[in-house]
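The following pair of complexes shares a single chain, subunit A, combined with subunit B in the former and subunit C in the latter.
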Partner chain A sequence: MADLSDIRSETPDAQAPAPASGMVVVWRAIFVGILVLFVVLLAWRLWDTNKSEHRASGMAPPFTFTTFEGETISLDDLQGQGVVVNFWASWCDPCRDEAALLEQAWRREKDNGIVFIGLDYLDQEPAAKAYLAEFGVTYPNGPDLRSEAARRYGIKGVPETFFINSAGEIVQTVIGPIVNEAQMEAYLAEIRP
Partner chain B sequence: MIFHIGYLILITAAVLAVFGMIAGFWGGRQRNVKLALSSYHAVYAVAGLVSLAAAILWYALLTDRFEVAYVWNHSERALPVFYKFSALWGGQAGSLLFWLLILSGFGAAAAFANRRRHWALMPYVNAVMLGTSLFFAILLIFAANPFRLASFVPQDGQGLNPLLQNYWMVLHPVMLYLGYVGLAVPFAFAVGALLSKRLDNEWVRTVRRWTLIPWMFLSAGILMGSQWAYMELGWGGYWAWDPVENASFLPWLTATAFLHSIVVQEQRGILKVWNVTLIWMTYFLVILGTFTTRSGVLESVHSFARSDVGPFFLVFMVIILFGFLWLLFKRLPLLRDEQAIESYTSREAAFMANNWLFAGIAFATLWGTFFPMFSEILTGDRISVAAPFFNKVNGPLFLLLILLMGAAPLLGWRRTSRQAFRKQFTWPTLIGAATGVAIWLLYDAGYPAIGLAACAFAAATIVQEYVRGVQARRITSGESIPAAMGNLWRRNGRRYGGYLVHLGIVLIATAVIGNEFFQQNTNVTLANGESVTLGRYEIAYTGLEPNRKVNHIEYGARLMIFDQKSGKTLGSILPRRNIYDKTPEQPTSEVGLRMTLLEDVYVVLNGWETGGSTATFTMYVNPLTIWMWIGGLVLVLGTLVASWPHPGRRRSEAAASIAYAVGSAGD
Partner chain C sequence: MNRIGRALFALAALICLAWLGSGAVAAQDAPTSGPVEEVTLNDVNEVARDLWCPLCSGVRLDACELKACDQMKDVIAIKLAEGEDAASIKDYFIEQYGPQVLGEPPREGFNWLAWILPFVALALGGVFLWRQTARMMRPAAETSAADAGVAPPGAQKQTEDDYARKLDEELAKYG
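== the complex of A and B ==
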């Protein structure tokens, strides 16, 4: 505050715009400079955060998970294939509407270079396994531990499905169940290598 | 359909806010009465429209309209009605709408209360309030639409975050928002004063109450958050210097400094630049805090769903920072202090020291909060700044602050004579010193002895002031003691309410010291029937009690507490774990708590073997904790006493403002 009172003592006329002496200009510049720096760092950080967390629209964020059978699968290992990532949960009723369709599509496409992956969101293992058995699901499924993948993909809820092409780009995002076979076929066509 | 209307209402509110802002700024500048009136009407209209939008979202929540994405994500059929209602502020978009609702409410209240006063200031005040409303409306329209519809109609919602299904957590955000958002009003007045060049004490007098009330809500909100952390998170603590906690604490610090320094301006006509700077910083810290909690730039336990509000906040912060600085630099010549500080033993010097301390604590806290983020950007390493840093830096500053809090009210304006000094300080100093020595002898602990001595000193000065005030009244009017107390509060609420607030702070500080230095804890696994000794208690586990609730199962472990020496039964507690149907991976904990005036027995249930044959606990004995909550109540009571309108005072204020309007006041 000492500097502010200096400013005051150096202004002769209360009505005139502040005549800036050398010191005053320096102090103001330092003050404004610190604030500018602060905002720039915040902006930088925000940009950084968005880059890593909101990739959901461009490149598919990498993730690794362990299936209920104990096999470890990483998205990076699936380069060159089309990937369908489906977030689901046993307590989720709309998920049931698409479960059979997903399994059918997988059986049809697994020899065409498309991999289906099911990530179980906030669930309990026994209930999840019962659900998989009920629909006879055979494609790799595992828990999304600590909701890590769900957070990276920024899912809005379950079910949510991502179609990733062989270059690792997210081509389609479907919020809610896929109930229409034609819709499924159209999306699969986009990612078939 | 109705949800499209909700969205349209938000757009209309934004358009009206733009209009009202222009009317306010232009009308204020041109002294155009019609435009000024328009700005009032715009404030009321925006408040009405936003209330309508909030009502529509409430309707959607209460009637389970899961086609609205927000409802789908933050509610479920089985959720109790109370939580459906509070889900409005349980997620990003809804809480922004809630924020806007409170903001426009405050704007309308400020406009209405001053509809016949401060005609030079009010158009600008309305414009600033509308500008802030506009910003939040833009967020809702472009980045976080609460009325966005899902592409299908889900059967049921995802459920509210279990951690938020707690009474404290329902109230805590409301209180915080009332505090946070309310601080926009004094800032609006400061901008109004700068723009209208009415930089005398007019705006400062008006703004005192508009700062006190939000300050009270903010204090209560912070304490309720602590209470929630204490009861719900189950790590035995009430404050972790988490970035989001700091975000609420920072504006509290600067607002507290502001409340004190405006007194100096009122009394002595100094610190004018400092006051506008403080309230600007407070407002900026409010927006910064909102930004950091919602953009994901800081890692915190309070993770909000992310959305794309970040860039909007950045732009708004740039406007606040540099717009205000430009205005301040332009007006500096008008902000000359009328007098200088004469002596270091004067009350104004004490107020200055108080302000420096608050600014120091605020700076240290800001630094500690943002340093990890900046260091990560610049060096790639994340250096975490944890509680020890904050405690080490802020602890001694708070100690000085408490000493000052005791001393300052005893000092006179301008200077304090030696006789007055002796008369005021003898007893409190003796009591403080005696407390310090006693604690030191009893527990052989240096830091808590110093801390508690400072608390005792401050408490003694407050009691001394009350005793003298009551005695004076009894001598002059022969009133009974309660009547004299009541009259002190009624006639001199500012002073004696302020003392109550100080007493509340002393109590909170006492609880903090007790917890910081004398907490005892242990981790144990107990078989059914087994017991453990902690402090002066013996605690026995007697079995697991599951209990089915609407949307979750509650598992409680029954513990009996005995006095370790006499073996007497002191009571039983039931620490619990709740497993929610929708989010079983995220069980919440309800601690088992036995509160007494001296100490809390606090037990967290960590886990159990099937059927509850054994169970694992973390147990704490937390000394003096209850005084934190009692102190909070005293603080709220004191603020109410200090801000309660006094009939006589109101008359004199009205007279002053009429005189001002007529133009005969010394302008």
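== the complex of A and C ==
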């Protein structure tokens, strides 16, 4: 015998979801998925950008550049020597305050195992060459293409100067121009091999 | 292909056409190469307006008055005088300063998101509108029944008849 529960079970379920609601769920899932993916990608980029914006310390980040004369120089090739890395630009007025002192120190120290390197930051070659000629700069200088070295060193502007010892460690970072000869001598003493 | 599928296909085709069209217009706008006898400020600004000051935030090169930007404009003038076209000058500045110097994100890597997301948002918005419009255009009774998740009145009456008939049959057996 069939009881009433059987009869009830044969009755179409009035509360069954309409077929369209399944599509709505799928669309909602796609939308939320895209939103979550977008937020995750943005967060990752933000984290990555913040990481690269810290000013370099400890071991000096490696870099390679080509001078205005066409010579390619890599920091790795200068192991065992003290290195002064100066970020500058021809449009930078404070850079002019230290240009003569840097050249003077380079001429004095080049036989003492210290190499000076100038990296031209966000600048144009004609103006940069005119600047170098104006101050009679003779140590290796070249453009920091795409600001790759600037980003690795996390500079916030120019001039900034990094003093790297013969072991490849950054021992001093100077933000702004070095105008004091005694100060320059003290920094050089720390990186002289 | 259902209606939504056809709508998505049509939308994608429209987006592709618009994109290709904008590329063609951009290509037509580019100055032609060849030696230029006299470079005017307008010629320089024509190229500079597609570049951004590398030192400022959100300032176009043609509107920037920094010394660094003046130097960039000088270089643009030199290169135009030498017969270079706008595309090669832009390539030169990308090589110097990186893709940030462009007024638009380069179409590579993560930057693709900036190009794709607006179209994705447009497509999703279009589908949403399409569905909403289709729902609004359905007969009111059908819509309310569908919204309530129950069968239309005719079908409901049929169900009630079947139920009553079956109940009568069972009662008759024991009556």
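One rule holds in what follows: the second predicted complex is superposed on the first by the 138 of 193 C-alpha atoms of A that agree within 3 Å, B and C clash if a C-alpha of one lies under 4 Å from a C-alpha of the other, contacts with A are read in each partner's own complex, and residues count from 1 in each chain.
The working rule: contacts are C-beta pairs under 8 Å (C-beta built on N, C-alpha and C of every residue); 3 or more make two chains touch, one makes a residue touch a chain.
Predicted model only: the values in this text are computed from it and were never measured.
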{"item": "Subunit B versus subunit C as contact partner of A:43, first or second or both or neither", "value": "first"}
{"item": "Which superposed partner A:124 touches (first subunit B, second subunit C, both, neither)", "value": "both"}
{"item": "Contacts of A:27 with subunit B and subunit C, given as first, second, both or neither", "value": "second"}
{"item": "First (subunit B), second (subunit C), both or neither touched by A:103", "value": "neither"}
{"item": "Of subunit B and subunit C, the chain that contacts the larger number of subunit A residues", "value": "B"}
{"item": "Touching partner for A:90 - first (subunit B), second (subunit C), both, neither", "value": "second"}
{"item": "Shared subunit A contacts, counted only where both subunit B and subunit C touch the same residue", "value": "7, 11, 14-18, 31, 38, 41, 45, 91, 122-124"}
{"item": "Of all residues in subunit A, those that touch subunit C in their complex", "value": "2, 7, 10-12, 14-18, 20, 27, 31, 34, 38, 41, 45, 89-91, 122-127, 143, 145-147"}
{"item": "Subunit A partner contacts - residues on subunit C that touch it in the complex", "value": "54-55, 66-68, 71-72, 74-75, 78, 95-98, 110, 113, 117, 120, 124, 127, 146, 149-151, 159, 163, 166-167, 170"}
{"item": "List of subunit A residues in touch with subunit B within their complex", "value": "1, 4-5, 7-8, 11, 13-18, 28, 31-32, 35, 38-39, 41-46, 48-50, 53-54, 91, 93-94, 122-124, 154, 156-158, 175-177"}
{"item": "Of all residues in subunit B, those that touch subunit A in their complex", "value": "69, 72-73, 150-152, 154-156, 158, 273-274, 291, 295-297, 306, 308, 310-311, 314, 317-318, 321-322, 325, 329-330, 332-337, 370, 373-374, 377, 581-586"}
